[in-house]
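I have a structure I would like to understand better, so I am pasting it below and will then ask my questions one at a time.
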Amino acid sequence: MDMVANGLLALGASPAMVHAVEEVEEFAPLARALVVNIGTLSSDRVPSMRKAAEAMATLGKPWVLDPVGVGGTTFRTTVARDLTAMKPTVIRANASEVLALAGATRVPASSVDSAHDSHDAIEAAKRLVCESHAVVVVTGAVDYVTDGQEVLCIRNGHPLMTRVTALGCTSSALVAAFLTVEPNALAASAQALAVLGLAAERAAVKAEGPGSLRWRLLDELAQLDETMLHEGLAIQ
Amino acid sequence: MDMVANGLLALGASPAMVHAVEEVEEFAPLARALVVNIGTLSSDRVPSMRKAAEAMATLGKPWVLDPVGVGGTTFRTTVARDLTAMKPTVIRANASEVLALAGATRVPASSVDSAHDSHDAIEAAKRLVCESHAVVVVTGAVDYVTDGQEVLCIRNGHPLMTRVTALGCTSSALVAAFLTVEPNALAASAQALAVLGLAAERAAVKAEGPGSLRWRLLDELAQLDETMLHEGLAIQ
Amino acid sequence: MDMVANGLLALGASPAMVHAVEEVEEFAPLARALVVNIGTLSSDRVPSMRKAAEAMATLGKPWVLDPVGVGGTTFRTTVARDLTAMKPTVIRANASEVLALAGATRVPASSVDSAHDSHDAIEAAKRLVCESHAVVVVTGAVDYVTDGQEVLCIRNGHPLMTRVTALGCTSSALVAAFLTVEPNALAASAQALAVLGLAAERAAVKAEGPGSLRWRLLDELAQLDETMLHEGLAIQ
């Protein structure tokens, strides 16, 4: 939550972390986009997640599903599949998670890190689009975004990103932030990932390790301007 | 919690984060001050919050209420109003929160960030003092502290602080820490805010963005000495 | 959780934070080691903790108990004692916590920071080994590790570490990570603590305060190589 909130603030977005089911109905109309992240899942949070997703879908507002660790346990897979059926605008996951969510395999995940290459999940991502009607984002060394027809490929990013926690969660949050200004979910997703990746590339030039990458990434996110974006974004 | 704990440790204070209602009664006598922060509120935490506030009030020890996001939802407003009635020593909030808590307006908050200028909440802050008998702190570009009679104005701080999460929470925690050594709640609050603001000013000179501001702020908090305070604090 | 996850990632380990009791049974076979940390304890988390400890013990896999704040409240002490009886491979605690857990004293802890010197807890640590059959680690200015017979003494570390939150938790996590590659729990514990301490020493040379120590520590953890370890580790 810390990295996600700081990432959004660095970009100029305005995050709020809401857990209580009592707040969802009133809060949804105030939010411009939602991320449901099942990272540190517990059963008492599931009703809030479902209610929030439902509220956003009803209001016609964008929401992003981050099915962290889906495939690792039956409970997590059940919750993630349920949420997948609730009309997310975008699903953002790593390759193992996309494969698991698309039912290609029950991945015996020993961690929330991906055991697969993002490229290997493109076909599964397309199947997941058919099922969910969401744009699907597969992040990895290279990121892919697909609406079932088109597949965009984002080559921004840096290997050191895998040594910093919560950057996957942060990318989901950035996708949500971009959806508030770019209604095309394919474009919004690709831009969000490219911006995060570009900030990481710039941060990695000066970083001495994962500790400095993290704060430099926030500094870079806040400093990105049109010229940097124009020259640096690698979306194909 | 991470930034708050690190902020307190940087200052030389000794934080403990306690959630379990089973622990409150025994823990309260060991604590020298308490912050109740309703940031990521959930109904199962409310009994602990109430019990802790009650215990501190009974023991005659200071406690600070941080009514994060009050006015945003009915649930949050109800909890915050309840806690306001439980004799907090200090209430620390942004302008929108003070306005909402003083009943001036139901602020349709789309986030936990303030939609109002701190100056616009001074009258509401005074009304809130009458109701709660607490010293009320309104933080913003300029911070105000009032006991209903006097209004102190703190001009320390830096705009980049709005791009780092949890600095509001940290300021509440610093007020609590200062209350353990300065019994005058008006003075303690003003000094705590000025110290945090001064550390941020000093950090901002070298910071390249919100990522570096955050860790530099912790470094500066740990380094402040009497001369720096003497020269830097801007309390009127 | 943030510092712990980043510390493990910096080292090249692969952390997952699991809370839901529904996930424990399936997740345990996938994990190579477990830490049960009672830091921000709440009663609804206790069943997951117990079940996870049990599962690891049954599977013959290593798990580390971090009894944060034991002795502070009856609830916390009860939970910690219960877990101590569940065959942890290693118990990692500060001096006050070891004394409390060994029943030497009910420490009226006003915080999660130790009020005792690590050396004063060596005898209590040995008694705790007898009771629990775990290797016991007492961290402090000097760290001690004992299996009841031998006592290793680790002189790596830096005073500034006390001003950064979650480094105790991080040391427990590092012990768990080392247990996945070094089956001798005495050796694994000593090495993990020495590595963390050495990284902190190296970080402290360049750090300007607790804020910079924290990220520099992560950078150093990721950079440590065999020569540095050979020259820097101070285990006796």
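We just call them A, B and C in the order they show up, numbering each chain from 1.
We adopt the following convention: a contact is a pair of C-beta atoms (placed from the backbone, for glycine too) under 8 Å apart; a residue touches a chain by one contact, two chains touch by 3 or more.
On a predicted model such as this, the values are computed, not experimentally measured, just so you know.
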| item | value |
| --- | --- |
| Rotation angle superposing subunit B onto its copy subunit C by C-alpha atoms, nearest 5 degrees | 120 |
| Interface sides of subunit A and subunit B: same vs different residues, half threshold | different |
| Centre-to-centre distance between subunit B and subunit A (centres being mean Cα positions), rounded to whole Å | 32 |
| In subunit B, residues with contacts to at least two other chains | 2, 44, 214-215 |
| Subunit C residues touching subunit A - in the complex, by the definition given at the top | 1-2, 5-6, 9-10, 12, 14-23, 26-27, 30-32, 44, 214-223 |
| Residues of subunit C that touch subunit B when the two form their complex | 2-3, 39-44, 69, 72-76, 108-113, 162-166, 207-212, 214-215 |
